[in-house]
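Chain nomenclature is as follows: A, B and C, assigned in order of appearance, with residue numbering initiated at 1 for each chain independently.
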Amino acid sequence: MSLSLFLIQMLNGLQLGVLLFMLSAGLTLVFGIMNFVNLAHGSLYMMGAYFAAAAYARSDSFIIAALVGIIGSAALGFAIERIVAARLYARDHLDHVLATFGLILFFNELARTIWGASPYYMNVPQALSGTINLLGISYSAYRFAIIVVGLLVALGCYVLINKTRVGMLIRAGSSNPTIVAALGVNIKLLNAAIFALGAALAGVAGLMSGPILSVQPGMGEPILITAMIVIVIGGIGSVRGAFYSALIVGVIDTAGRAFLPMILREFLDRSTAQAAGPALASMLICIFMAAVLALKPQGLFPVKNQ
Amino acid sequence: MMMRNKISLSFAAVVVTLLLLVPVYASAASEPFALTFMARVLVFALAAISLNLILGYGGMVSFGHALYMGLGAYAVGLLAQHEVTNGWVQLGATLVVCAAVGLLTGVISLRTTGIAFIMITLAFAQMFYYLFVSLKQYGGDDGLSISARSDFGLFSLGSPITLYYVALVLVLAALFFTHRLVEARFGMVLRGCRVNERRMKAMGFHTLRYRLSAYVLSSMLCGVAGLLYANLTGFASPAYLAWTVSGELIVMVVLGGMGTVFGPLAGALVLLISEELLKALTDHWMMILGPLIVLVVLTARRGVYGYLLDWDAWRERKRVAAAAQAGKGGQP
Amino acid sequence: MSGTLEINQLVKRYGGLLATDHLSLSLGAGELHAIIGPNGAGKTTLIGQLGGEVAPDTGSITFDGADITALKPAQRALRGLARSYQITSVFPEFSVLENVALAMQAHCGHSFGFWKPMLRQPELVEPALLAIEQAGLTHRARTPVSELAHGERRQLELAMVLVAQPRLLLLDEPMAGMSHQESGKVVQLLQSLKGRYTMLLVEHDMDAVFALADRISVLVYGRIIASGTPEEIRANEEVRTAYLGDEVLPV
């Protein structure tokens, strides 16, 4: 195993990590503040990708596509919050699960109806289609761009949450929602805004994944489940936890898929390694989550509740 | 306090009677599809009954119960692939595997509550989904064909009518078992934990062992449903473990009436029949089913059977009030 | 040696806040000891540590000569230490009888019974009916809790705590939210229990406290500033100062 292969996989892990973070951040905020289980978050990711892909096909400008994707998913998030979610905050989690499950079915079928069941291909933007020289290796410029965007988004979240008034309300709402309402803040608007922000982040993750994964109905759920694992490991409600946990999970998953089959081939015969490798790799994240929960059921960076 | 003319009981009796007559109708009207469809309803009803135990009564929102259906199906498939078609062996394997996986995942999942529990159960099911997809020698993504059905000696699940009646017997037995369980010591502890686990602990109950036991029992029963399902379809597939299946099971439990004995059967009937009707209407039936589910959640909380029970309770209150009025007589 | 409690130098910090400040207290068997104090004094934290839901940072709790500091709530309950809650924690979907029988069930062997209905088990139902009678709720035994008035639910809380014949009762504001008439009934009930059970009573209702308590301790900022008989407390200057404007001590 060469150094350059190792570095490439580490960078890929980082890239997956920041995508997972963008998806997890909105999810964990909505969990932590409104105590709302939003399974349809994967649908927002998917719709962001579709909006961007469709706009890209029509305009040939990635910038326009990105804007359409972000605004589209934010608007969709806002609509979902006002029409469905807001009515269910007082209800228990089971109702959230069921309602958002219904939304998933709807959006997957909607996507299938509008854009068809086959993958919708989205090209890597011309400007980023080459490679760049990084740490002595050649790395995909587009993937590097994802890392940069992801880290910038993470930085933006940090500034928003820790350095602004809105962020203060978010942090307060995270540990004590009733007090925030008592402060005379327009709670409805704040909730809708948080939801829309999370949706926008999911949309960014979706549109950026477009060129490297396939845009198809149902693309949101597998990565949503990984995002949920990220949140459980990081600590529900903690954006900081989501960030570190997303990076860890991203690296473990990527490295696992790349290196585990290789390592297994040293010990087992070819055919068993062929079968066991991918299986174990996909189970790796779950096993890691189980291990974390065994030691710290509240996650690695839990939000301290009053 | 047995009341005559309980609507909920009448409803249940009618449903059971109709279910008993389905094979008769199917052969008389030459509609084999009716038989296989209703058998499918019964299989999912069994799975929903198992979920109702921990979800409806125990308050544990497991979004990964399809895992156990899948395990049951693959127990049949894998054994059949290796020429083991003895139904009792397959049943034994199903129960053991489901109990083991249930115990392992339960021990980890039950360390958490609420949102985390939902997500973890979902994650575990997904993990096994990927596992079965990667087992290329057993069909992988395409699934595993099962040519020889389970042979239980006295009967074989190869005959559709036998399969149907076995499923029906199991469903009725499971309903009766639930009925006894929820008023017995174990059921009362489970129900108490759903409402206020903190209080239960303060009262002296070691709640984890009861919740875990319920979870394992539930997983074993769900595995049996999977065994039946594999025999019904002649197939074992990773798709059986999909999160959508887990979601549908939850819909059945809630739609039918959470925490009622008959609810899961009513829910399975309503959901699967609705799906068939919608499928006949349009290819894009999920675009209608999705919002329908949302609507049901927003408006109808008690589920079909739950409403019948509420109706009975309301009628009883009116009867008691009327009797009290009559007792006071026509005195001014 | 039945129901004695020794609290030794208990400390609990929440960040910078010292909720329990080296608290020591002794309860003799059969004693009714009341804890009073202004809001925020740390009464709930103290009960939480005694019940086992909150772990103290340092210090020890000894119950009938055995150190129970590390024991969880369920283990303490099984040793005879029962707790009632300030915010009613009963089971609304069950009837009064089912609630109390369930409370008994925890002390009556294991609960892996899958067949026989709980209400057909005399070892559970008989003690339950007795406790319900003690709490004055016999006429409501079969009523679902959702139909009970607030005061009746507080009575149910007490029945649930009494049914398994505990040795020590931790009573967290049993009269919270009650009307004068309702709290009178509870005072009568607690009066009837005096001597048979050791009781630690946290309460704001001063009439009740001074009518019932053998001894009173005053908790302020996590520390006990005074401890003694009701007369001693009534006369204590520090206590009067702490309470000036908060409560009026009955004369």
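As a working rule, a residue touches a chain if its C-beta (ideal position, glycine included) is under 8 Å from a C-beta of that chain, and two chains touch if they have at least 3 such contacts.
Remember, predicted model here, so these are calculated numbers, not experimental data.
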By the touch rule set out at the top, what is the minimum number of steps from chain A to chain C?
-> 2
Identity of the most central chain, Cα criterion = B
Of every pair of chains, which is linked by the largest number of C-beta contacts?
-> A-B
Euclidean distance of C-alpha centroids - chain A vs chain C, Å = 48
Separation of the C-alpha centres, chain A versus chain B, in whole Å, is 32
Where chain B and chain C are represented by their mean Cα positions, the distance between them in whole Å = 42
Chain B contact footprint on chain C (complex, rising order) | 51, 53, 72-74, 77-78, 83, 85, 89-94, 98, 102-103, 105-107, 111-119, 121, 160, 164
Considering the complex alone, what residue numbers of chain A touch chain B?
-> 31, 35, 37, 84, 87-88, 93-95, 97-99, 101-110, 112-113, 221-222, 225, 228-229, 231-232, 236, 274-275, 278-279, 282-283, 286, 289-290, 293-294, 297
Touch list for chain B against partner chain A, complex | 55, 61, 63, 108, 111-112, 114-116, 118-120, 122-124, 126-127, 130-131, 134-137, 243-244, 247, 250-251, 254, 258, 284-287, 289-294, 296-298
Which residues of chain B touch chain C in the complex?
-> 177, 180-181, 183-189, 191-192, 195-196, 198-207, 210, 213
